[in-house]
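You will see two complexes here that share chain A, one where it goes with chain B and one where it goes with chain C.
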Partner chain A sequence: MSSAIESGEPTFLDRFPQEAKVVRSALWSSFIALTLGALFGIIQTLHRTDVLRVFSSGNYYTILTAHGVLMVVSFTIFFLVGIYTWAVVRSLDRPVEDIRYTWTWYGLMVLGTLMALVAILGGFIDSIDISADVLFTFYAPLQAHPLFYGGLAIFLIGTWLAGADWFRSWYAWKQENPGERIPLQTFMVLITMLMWYIASIGITIAVVIFLLPWSLGIIDQVNPLLTRTLFWFWGHPVVYFWLMPAYLLWYTVLPKVSGGRLFSDPLARVVFVLFLLLSTPVGIHHQYLDPGIADGFKFIALTNTMFLLLPSLLTAFTVVASMEHGARQRGGTGLLGWLRALPWANPAFTGMALAGLMFAAGGFSGMINAGLNINYLVHNTLWVPGHFHLTVGTAVALTFMAATYWLWPQLTNKPIFSRPIALAQVILWFVGMALMSNAMHVAGLIGIPRRTAEPQYDGFDFIPTFGSIAELDLQLVVGGTLLTLSAILFVSNLVLSISLPKVSGLGQPLPPALSGPDDAPKVLDNLKLWTAIALVLVILAYTLPLASIVDRGGLFGPGGTPYPTMIEFGSTLLEIYTPLTTDWISGWLQ
Partner chain B sequence: MSGDAVVTEIDHDEFNPRGTLALILVYFAILVVMWVFMYFVEFLGNDLTVIG
Partner chain C sequence: MHIHNYEKIWLVLAMIMIVGFLTTVTYGATAVGIEMISDEEDTIDPGALDEDPRFAEPRVEQVGENEYEAYVVAQQYIFSPDPIEVPANSTVTFYVTSPDVIHGFQVAGTNANTMVIPGEVAKLTVETEEPGEHGIVCNEYCGSGHHVMEGKLIIHPEDEFEMEDDE
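Right, the complex of A and B next:
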């Protein structure tokens, strides 16, 4: 096995042993979250379909929260910080500036996760007064224990510091390489983090000013629509925080494993710039059915969302063209015959290619969600989880797992324990998700709700256009079981790899793009310009809706809504926080 | 891991991604068919749900 993958090149571990250790730790954290998340996933699949109910339905939100938070916050973001550290160090070809700082942000992320997890799992124990049954979408009126919000805040600070680490590396590199184009992988990392910093404004305000003080009992009530809107200010760009590392892997690693080179570096940069501009001013498209937000504002979100399809369609072209380049270099011919020349026996390739294929299907259901009128048909139904299990649940998750098969040997100097099991694992994920997601979409179309422990009702039956509810449930259960099995195979394969002896020469250098950075207009690397435009778009999309929500519903909920809004905003803040600050200072002085 | 079985180097000027174009046209065709299908199933197939 190892002879087939040896290229004689030094690995990332050989060149940057300290950084490799951080990357491995981040990936292990990610995979532990995946394992736990999968466990809670299969429990709720069996519960919803009434196949096996190991917990009471009263615990369903605890289970659903654990599944959601572990999968889409812990699994994805720990993977992101691992892969981005690898990408920055590799593409700048320099170690991090201070490894203690790097361990600090990683430690903060672990601490934050553990705090939030304790709060969530506390929901299972009635005798202690800790719970966080608020789902991943943790806006009011559902309220969590302060430990949950505190943990979340610490986790977020960890990610911000991680971004600062990568900016610091880039800045140091720039001093030594004046006038050079930012290497593509570092460019992608920096753009992602700029988007993340802008997106974090919404969730920071929601947690620090409203949810945490509310949970601590400092304020009595919040304006639920305001916390929802601030959540989605962050909650949509977080979708791209999951996707952009997958895009980084599709643009820079997938061409290599296909046997070719990236088709166009400039196009990849354009795509990431578009994500920076358009990811945030679209959050209101999650709130099409919220009363209290005028249709005009929703229409702006709709328009921005449709523009956001553009970078994904550009990606479809560039990534598939890069795969075709690989296939033709491997001897593939014909209009579509080249598809046979792709390395389908390689789990890293097959996993990423199948993830991309699923993303194309996810793109279609996403277009339905984004439509202002057709969204009414599927809103709050099982269609929506069906959609995001194609996007984050497959396009992202399967890409991460497949890329791990390529990267892991370079982080450990050990081959993967079994490539045939790895290949079976990625195919199982694809098949399992095809079944489960299909059933969810169909169930959503006939109105079966999401976030419901027992969607079986007395005296009422959902009527499918074809087939039966029992068939849909069967697809869900079989699909969910295959996915769980796939997750177990993935983690077991990595655990078993630990026992293998170290070998040398597992390094896999990445080839340059066919059309390189010199073909890209220099303005693409002007990070300040794109950040400024992104901020302007956010201000345009959010100022009026937020002012209107505060004006109508009050900053801290019903009551007292004098005009003008901004004076109300400032005076209410002062009213609440001035006595608190005074008390705190006088207490501290004594 | 694989990706090394290159039999011929193809540079930028020699490469013309015709196959990619074909696949993308297939994807667009699927999208169009599904939109049309949706119109028939979800709108024409249902009675009005909001009346007067």
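Right, the complex of A and C next:
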């Protein structure tokens, strides 16, 4: 395999040293979040199963918020901006237009993360009035400190500016290459960002118009159903914001590490266009059990959701077909015998292949979640985290880690410290998640709820259909421990790589697809058209439900009680702030 | 655009599966009659539940020969009434609301499950079958005492069930 590592080609670092630095910084930010997230993860696992309780059960929710936010916002999205910067610069073969601008959006994302993190970790210190024990979904009337909402807003602005950076590169490239097809990786990046801009409408309104002013005491109350619906307007497409970088890697890097080429460039484009169209008008499927939303709207969300399966099913085909092509190029034969010819000793390959396998399992549990009426059995039970630890927690996370083993040497000109450890790491993640997620799915079916510190109640016991609660807890603990070990091995392998001497020729050029972009209808590259259709679908899916929610409860009603009570903080701030500004303005006028 | 034959077959099978899922869900909703949580109940002032005829005194009421209505308040960190007592082989409609934050209401291990949102009243109807006791859990995080929020649903044998009002 070592011959495959040293290709003699120049690396991304050789060609774009400034950009490589940005990509490395974004990936380090991502991996720091992963490390902290893993720490909070194992604390939760041991607490829930009553093996070891380091914190009180009241503090469990601070830990859960930190785990959720760090993993699904910081880890995933910092990785996304890193890999997308690499993909755009590499596939357009040109540096970013202005590296200072690039560092600016990265800086904003770091600032936003730190603000939100201060608010969340403040929950551990009772003596200060800062907390954000609101979990990843921050459903009002649960209230966080304004730093949390402010941090989230700044982080989002950073991601929007990052998207603008990539659009700017593409625009400059287009001027110099008129009439050429958008290179596949850049196409994927641009489509992802168009989806992200549309999705962001929901969370921006929720945070800027309602939650931030409410946490500052400027408005007294919010409509909990409205802010919740606006959250899911963004909250489902964010799932695809995690997945689409993984898809980009499956489509463009996995065929390479399998030893072959992508099966079809046109279908890859079709898949991404379908994500742009269908990712957003489905958010209400997270609200099947919400009173105040008519079942007709839920049915529309169901229909869109089921069709959203299509791009993932197409991806499954293409990924397996590309792997088979690679295996046959490497001399594999037979109906299934080619599987043996795949490069299983390469952690980048094995990690991505195992991630894909887990995604199939996660896809099936997702289909059950999507089923409007079966969902009643599993909604808000441990089944649901069981599902998304397979999707974002494995399909996405394991693909990111595996791809890092392939990309990191090209960003640093240093090999990975230990390939055997890397291989063990991806397998540990797979085994750990198989155990943990299996236990979560089974526990969910007997009604054990998610998001709780102690699923042991005084008045009744959960009765497993087979096995015992102790067995399920054992699977959770062993699985969680293996995952933590895997995360530690991943990060330490990268840290140890720092000390290695630089070598040259670690570049890994990506081969073109078997069926290239020229086979794709031109209309696929018409970004304006797809954006317009996506917007129409969002308007169709959301106008009536939102109008109905506002009509029923009012824009700012019907309230509920903020928890914990922090209104005092906001009004104190205003009392200090308002006279100061007035004084300042009147002083200035004189 | 060139699409490989295998990929065409895959595409067709995928579409058949998707349409199949939609059909089964529709069948469940219409023919089997699995009722959805919907928007048929009016909104309510979460700050004035103590003045509401249904929720001022959370309780179970008999409304027909074999039909009961349960008015349930979910609040940090209790369900009222607790326990909820109904007879076997009856139709029970739960009306659940919250005066404070969002809660969940699930009869553990069953599909009697709803979100409870301040300002909204969740309505769900279940058929009780055999006598027995079921736990009720709040399955949405609602504050630092969320993990102690539980209730109980007691299904009595029909001949042993008496409404308190009738005594």
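Keep in mind that, in the parts below, the second predicted complex is superposed on the first by the 553 of 590 C-alpha atoms of A that agree within 3 Å, B and C clash if a C-alpha of one lies under 4 Å from a C-alpha of the other, contacts with A are read in each partner's own complex, and residues count from 1 in each chain.
Keep this in mind: a contact is a pair of C-beta atoms (placed from the backbone, for glycine too) under 8 Å apart; a residue touches a chain by one contact, two chains touch by 3 or more.
Not measured: the values here are computed from a predicted model.
Within the superposed three-chain model, A:380 lies in touch with chain C and out of touch with chain B [touch as defined at top].
In the superposition on chain A, A:263 contacts both chain B and chain C. Within the superposed three-chain model, A:548 lies in touch with chain C and out of touch with chain B [touch as defined at top]. In the superposed model, A:485 lies in contact with neither chain B nor chain C. In the superposed model, more residues of chain A are touched by C than by the other of chain B and chain C. Residue contacts after overlaying the shared chain place A:317 against chain B and chain C alike. Residue contacts after overlaying the shared chain place A:288 against chain C, while chain B stays out of touching range.
Of the two partner chains placed by the overlay, neither chain B nor chain C lies in contact with A:172. In the overlay built on the shared chain, the residue A:447 is in contact with chain C alone; chain B does not reach it. By the touch criterion stated above, A:515 is placed in contact with chain B and with chain C alike. Residues 263, 317, 321, 367, 374, 377, 445, 515 of chain A lie in contact with chain B in one complex and with chain C in the other. The touching residues of chain A, counted against chain C in their complex, run 57-58, 60-61, 64, 133, 135, 139, 141-142, 223-225, 228, 263-264, 266-267, 287-295, 298-299, 302-303, 306-307, 309-310, 313-314, 317-318, 321, 367, 370-374, 376-377, 379-381, 445-455, 457-463, 515, 519-521, 548, 552-553, 557-561, 563-564. Against chain A, the residues of chain C that register as touching in their complex are 1-4, 6-7, 10-11, 14-15, 17-18, 21-22, 24-25, 28-29, 34, 36-39, 41-47, 76, 98-102, 104, 106-123, 133-135, 137-148, 150-152. Chain A meets chain B in the complex at residues 4-5, 7, 256-260, 263, 316-317, 320-321, 324-331, 334-336, 338-339, 343, 345-346, 348-349, 360, 364, 367-368, 374, 377, 405-406, 409, 419, 445, 465, 508, 514-515. Note for the complex: chain B touches chain A at residues 1-12, 15, 17-20, 22-24, 27, 30-31, 34, 38, 41-42, 45.
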